[in-house]
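Each chain carries a letter (A, B, C, D and E) given by its place in the written order, and its residues are counted from 1.
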């Protein structure tokens, strides 16, 4: 983003970070205020909107499609996820046309690597594979509506929220002639004259407790910072994307580390950054789980962004 | 050895927007050709010493980016027109094969020559196109589509008048199909004869055009 | 279809000025159709697009991959969205007083977050509000509506289920409700006798939509009046 | 190469004259230019010319995979090529803004208004479907290219017949037009589009503007409608503010125009069918003889209008320089020869006319002697002299009108009866 | 720059005239002596491949084969990999020429493209060849080395036999799974070995036409005409492309003789390998 700072403003900021105080009063390891709403889009199977610090605004939508896959190559079936990140031109005029496409590809690649071993992260993902060669293909699309730094954190939160909100219909498989399969949505048996479509299909949810959280850790001066504002981003030496998945209740396992942008990094500072990020993520993760459980169920399609 | 040359009809200055245009038909094969005079060209493609020729033969259907005829037409034109006269310019020549009933190559060459004559470019020599096919050993000139599909060898010749002796000579040719060297020689001679009558047709139609323009 | 009377439009709620780094931005909801739009005000754009006597308008329409019923694999760039962008460009060339900003460029981006029928009309309303928010001089607030015909009876503000292949529908955009048509777009075949009934209803509904937009614009201006001082 | 823009004084002249209701080519504001429609000898090709604008359209069919969303629907693909022949600012193979808009409008009119039944194009659901390719080539540009292109496309589609197909377990057989007669496409309705120019806020309406006029208009509105009084497409071009009233009477004008033109299209197609059924292959465009000027809905008396130097001289040139040769009937033209059947050519239509046998005899009897001297037996010279003396008389009795040309007059008054010009003169 | 180079740049025609009128190339080679043709077969993948160096032009040609149902579509497709030395127009032309040669069934007859099972009878399946040509260095006309490379690659092609495990009378469509590739393979019969040679015609001061064999780019700009002749078996002209006018016909006769004996040498070399 074109945020221009004069040199001494940068000096002031860097000095502040070195003794752990930032312009907006946060310490180096705090996140900005996170707003998370689920089920905002009626047209999708699962959706969630995340707003980070009143500016960065991300919308994740998930659609399910039936996909046939050759079941004999059991072992290396690719995970059913397909990530697609898109920068809406609303964020800034540089994203018009093909502007934001390479950065978007980089983000979707990072997400795909983070979710590559999805079968052990999401416990009940096996159920996605229906019998003889059919399974649900999960299209996860993320649109960035506003862009003000640390997009990857907002996106990973959005994806987890959307996966949590995802309702996958139960399905009955009855083999048909000519090797085809007819799929029937399972409905709770209700007598009476209620028409079949109105009865809500029973669905099941994915257990998202062990989904990876991606955090950006950036090196400014000598200090490491989490969740930078655009002003801080102008004076970053280098940035690191750290993917963390919780194993037991409070310690985390690093799934992916990716250096973004140019800049030199010594080995110890990398370890420092990773430990800093895992500390910060603990707090974020527990807040996220709490939020997912307690969010009351609102009428779908209520208007958000208001 | 000879067959009848199908009669040719041509109308010059047929289109409004083109500098030189012709609707040329040879038998049932009909080609519209147009050329727009030496005009300005994008700096990247400009050539300092000579004019750039931008020839494109466009059939009715299909993507027309490349067509085998473009090459023979461009090289004949390079030999016939003195390009050094117009540096830094381009000549856009477009041919539309409206209807194809055999020997489309020859008709294209004739149409290009007419269009450029109509446009008034300085010619060193005049040129025309002749298609000769071999059907079970017989050389046939100016075949119709049916004869062309029966044939097993096809020769497209561009004949121009020699600058000095003004006798017809072959300035470009494309041959495909099993031919012995003698058959090729016969074909060359046959082509030179037919070229004479085609040049005759050129003179007749151009006389007619110029006779009415200036009266 | 969803319990509304034929001439009743879906409820509209809007919010202006939510995108901080755009000159003008607006979020509008026609029932389930949600459109977000941002305007980057007259700035010195690309040399190739610059025009001498008036400002050039560049519009980009993109619908998110999950906006429609089926998942699209590319949000913009396909034929449909390029065509709609061109339509919007042309429409707003006549609404905005373009000769007040010679040799400059206005960027308009609208993103259909969820498309549930008459997306084009919602986009036009969103853009005109965003332009108002950006304070760009215009002949008036353009309001638009899509209206179809079933057995001669015109129905207004179609939802995606009503936008089937057989129902002829006209999208009409007028300037501040007056009889000044800025954009008219017809899908499917419409018999000539129904033409003027459809036109009349469309024009009157545009006037009603204009009322709502005007109210929202005034409230927004009044809200930031103290800031402007 | 850039074209010269319109000079200011030229622009003011045109605008003043339009306001005064006059036009440079003596038409009033509500008058159309004459339309000429010629169908080619290959099935599915047609040239349409409105005034000076000439567009050729060729329709072809091939087998492709259908799209996954609609497995049993055929595909229609429309592709416009603005050739530098039309206007030297165009470049080969580059579709500029104008080309894109033209393609988009044609798709709107022909594909989205579903005038062709797409289900009948399916061979094997999900695997093989007919893809109809409509290739439009703009040959000369003098305003209202879209009307001309749409008319040419519609006629070509009516005229086109796709090859017959039979299904076999693991491959499909495509027949050339010798074995099984090709099947025409079934077309529901014929959308005809008209471009209506508008001046100073839409108050004055200009019908069928030429190139120069359309440059100084405020904007144009395109209305496509068909015989059954249905509006198929409505498109408003550049910044133009209209009232609904103006739009309505534009639509009425376009409606009347559509009826006239669809009758022309139907007559041309019927005329061509009658000829083809009699196994006579028209030579189509070979003799697009310009000499026939279609008298459009003007009284015949106007035929000999006040002689303007340019007008008459123009006609005279075409008359003079187009060599009036006898139209020797050509052997039948081989349409999309089926490569599968290399022997397909042999089983000729047996009832070829005498002309073809005479030509074949000519080939057998010509002994393969090659004389080097130039008084060769080619009877070319003879033929040219013979033509000269014939032409000297300038009488156009032997003039050969092959092109199926129909005069259309809205009010068919007595002396301007519909002239179905199809005199077939054989020498 | 030595004076000869300056002379070469200012008046190329005069410069070359000195050499050609006494029959040698600037690098000392006699004008009618043919360039060295070196080819290696079977190195770079596919069912058959070859690398050809012809004078200072080196190209590699690989043939990838796949099986397709019987149809009347053309069974061979040629693709020249994109390089900066060769612009798109030229590579398109070369592909066109090669395809027309294939259509005339010069290289391979259509029946020999039918798949065979191990007992040798024909199956209702065809082999489809995709010829991929990669150009390593280009100077002057590419057609000679192209034709030689394709000929050598085809000669080197070995096709596996096919096992079709379905009953002969089974009428349902052939499924992909029913086609199995066997180990035994057989050589593809070549219908005709083609040899192409390019000539330049140079008009010296006394405008006598001098024949030059395989001129490079610089020389062909100076020549008044360039002719490419391709000779098939029993010394028939398969293809001849002439650009620029030639006064008498004898020169063409001489060209065909040179190409014929070059072809005989090429055929022996192919037989040996």
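In this text, a contact is a pair of C-beta atoms (placed from the backbone, for glycine too) under 8 Å apart; a residue touches a chain by one contact, two chains touch by 3 or more.
Just so you know, these numbers come straight off a predicted model, no measurement behind them.
**Student:** Looking at mean CA positions, which chain is nearest the middle of everything shown?
**Tutor:** Central chain: D.
**Student:** Suppose chain centres are the mean of their C-alpha atoms. Which chain sits farthest from chain C?
**Tutor:** The most remote chain is E.
**Student:** Farthest chain from chain D, comparing Cα centres?
**Tutor:** So the chain farthest away from chain D turns out to be A.
**Student:** Could you work out how far the Cα centre of chain B sits from that of chain E, in whole Å?
**Tutor:** Whole-Å distance between the two chain centres: 28.
**Student:** Give, as an integer number of Å, the spacing between the C-alpha centres of chain D and chain A.
**Tutor:** 58
**Student:** Mind checking the centre-to-centre distance between chain A and chain B? Centres are C-alpha means, answer in whole Å.
**Tutor:** Measuring from centre to centre gives 66 Å for this pair.
**Student:** Roughly how many whole angstrom separate the Cα centroids of chain C and chain D?
**Tutor:** 39
**Student:** Return the residues of chain E touching two or more other chains; collapse runs of consecutive numbers into ranges.
**Tutor:** If we look for residues of chain E contacting two or more partner chains, we find none.
**Student:** Mind pulling the chain B residues that touch 2 or more other chains?
**Tutor:** 65
**Student:** Going by the contact rule at the top, pick out the chain C residues touching chain D in the complex.
**Tutor:** These residues of chain C touch chain D: 70, 79, 82-83, 86, 90, 93-94, 165, 170, 175, 179-193, 195-196, 199-200, 203.
**Student:** Quick one: in the complex, what on chain C touches chain A?
**Tutor:** Contact set of chain C toward chain A: 13, 15, 18-22, 25, 27, 29, 32, 34, 36-38, 40, 58, 60, 62, 64-69, 71, 73, 75-76, 107, 109, 111, 113-116.
**Student:** Which part of chain B faces chain D closely enough to touch in the complex?
**Tutor:** Residues 1-19, 21, 23, 25, 27-30, 32, 34, 36, 39-41, 54, 56, 58, 60-62, 64-65, 90, 92, 94, 96, 98-101, 138-140, 144-146, 149-150, 186, 189-190, 193-194, 196-197, 200-201, 204-205, 208-209, 211-213 of chain B touch chain D in their complex.
**Student:** Provide the residue numbers of chain E that touch chain B in the complex, in ascending order.
**Tutor:** 89, 92-93, 96, 100-101, 104, 232, 236-247, 249, 252-253, 256
**Student:** Taking the touch rule as given, give the residues of chain A at its contact with chain C in the complex, in rising order.
**Tutor:** By the definition above, chain A touches chain C via 1, 41-44, 47, 55, 59, 61-63, 65, 84, 86, 88-90, 92-93, 96-97, 139, 141, 143, 145-146, 148, 301, 303, 305-306.
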